[in-house]
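Okay, structure first, notes after.
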């Protein structure tokens, strides 16, 4: 599993594209929204938690279709499926690699974009915390979607259609944590629920994703 | 250690393509699958590798003994030759010594640091075959292994397969050209084609019957 | 005689052909009686006026929108556990029907919401949940349409249906948490409590609900028969190509 993780990270760094693009996309969302909404700080500050979470979610979605598709095309997925490593472990390792190159940098970059969007000062810590806790769920859920659509032509479009509804609870609780953190309200409940979704998804979805991969490989 | 196939039927796209297959391989033996394009050589190898379920019959082999090499080599263009091999070696729990041996066996030492993106088709193929050596598995399932190899590389490949067999390994090879392995048994797949096309997993009672 | 005999396509086609005319007649009768009763022989609400009669379409459609998904979940589980083809095809057949009921619930809800709340749409938990449910139906149907091999499609959509059900349930609670909403709670099962549904509406509503359940069963049966024929056609074409 570690070998697979190291390989995927190395590929992400060498091929460049992947996580640089996701971050650039995230930045663009944060720049475009004020251009569309208007420069008024109060409005921006109020919608910032939601915008940042939606932006992170879309940036995450952007690189998902390559998660298994590249390995499927070059035959590595066949070889991984016959390797001693259980496919569930391979899915978990690849989802973790995906999070390390998308979710983690997004979470670390988010305070900068918070400044652009006039996020109230109290919100920054909770923005980073909520993204750190919530984005792993996005990667794992996305890995499931990518596994279901791996063999399909035009899989990318279908992937968004399948994955976005599954992102709803994560988005709601994630944005709620920031919103409440920024206004000084009680945020422990949504944070706990967000963590529960991440833990549950990470524990169970690799099995569903591996099942979908096996179906797609035969 | 034996690979034994009894009354096996395999399917592609929901239709049975081969049925009634029976063969057994002992250590040191190789079997070449022959037949025209589309007869089901790849499907049979994938079924043997456990990537798809058999329609009928049984495959008996020790667990985790099979190494499959498909048309595509499973190489990552951004990694160099050694890194590609190292990855598969560590997935299969082998160390750097195995990687070195595989590089030497397929004459890849001079290319060890070259990214896979810059390899020629034949060099990629050699790397793909070197991957088999770092799986440490006794049963090799090879799909058209000599595609895009030059004569020297085919000879090299034949020597590697011979070495594997001599060390007690087994090999099943699908190919429609000569592999330079005269000692291998040949199985022509033509006679195992089903006489009448039929569905692989017909529903209980059959959709046909529903309209009888 | 076990229930699984109906998983045999032959048995299914025979039985459904025999049952369908009766089902159609029964559905028509229930819906005709229920809707005529509801629209012409129930009093106007003292607050809502005649708009209250939208309820007789809205409530049954909303109930069936959810029940259709539950039926798909059960059919998917049966396919995964017992590999009955009719079950997988029934799940596929139910999806567009469920989506239609969801759409009816949303549209009638908007028509009812405009005079009552002064808005066609509000991001109320119930409304939002139904919109999300519609997205789940769309994704499920798109996956069926995208995968060529019917057995692969059945397997993948079943896995999606199971995972989707968990997330649909999660979304329901997340959305409730997110916004408290305008929509009133359901009053059908509130007999004996305060603020119950008026008895004058109760009986016609029950007739309408039964009619809608029958309509759903009829439509799913018809569509499953179509899917079985389509599957048979695809098998014949594949055989012809390979022969």
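Order as written gives the chain letters A, B and C; numbering starts at 1 within each chain.
FYI, a residue touches a chain if its C-beta (ideal position, glycine included) is under 8 Å from a C-beta of that chain, and two chains touch if they have at least 3 such contacts.
None of these values were measured; they are calculated from a predicted model.
Name the chain with the Cα centroid closest to the overall protein Cα centroid.
Centre-most chain by C-alpha means: A.
With centres defined as the mean of C-alpha atoms, identify the chain lying farthest from subunit A.
Following the centroid criterion, the farthest chain would be B.
Once you find the CA centre of subunit A and the CA centre of subunit C, what distance in Å lies between them?
32
Counting only Cα atoms for the centres, state how far subunit A is from subunit B in Å.
About 37 Å, centre to centre.
How many Å are there between the centre of subunit B and the centre of subunit C, using C-alpha atoms for each centre?
Distance between chain centres: 48 Å.
Quick check: what residues of subunit C touch more than one other chain, meaning two or more?
If we look for residues of subunit C contacting two or more partner chains, we find none.
Quick check: what residues of subunit B touch more than one other chain, meaning two or more?
Not one residue of subunit B touches more than one other chain, so the list is empty.
What positions in subunit A touch 2 or more of the other chains?
218
Give every residue of subunit C touching subunit B within the complex, in rising order.
Interface residues on the subunit C side: 7-13, 83-86, 149-151, 228, 231-232, 235, 238-239, 242-243.
Could you pull out which subunit C residues touch subunit A in their complex?
Against subunit A, the touching part of subunit C is residues 132, 135-136, 138-139, 142-143, 146-147, 152, 155-156, 159-160, 162-164, 167-168, 170-171, 173-175, 177-178.
Quick check: in the complex, which residue numbers of subunit B touch subunit A?
Touch residues, subunit B against subunit A: 46, 49-53, 64, 66-68, 70-76, 78-79, 83, 87-88, 90-93, 131, 135.
Which bits of subunit B are touching subunit C when the two form their complex?
13-15, 197-199, 201, 203-212
Name, in rising order, each residue of subunit A that touches subunit B in their complex.
It comes out as residues 2-4, 7, 10-11, 14-15, 73-76, 78-85, 217-218.
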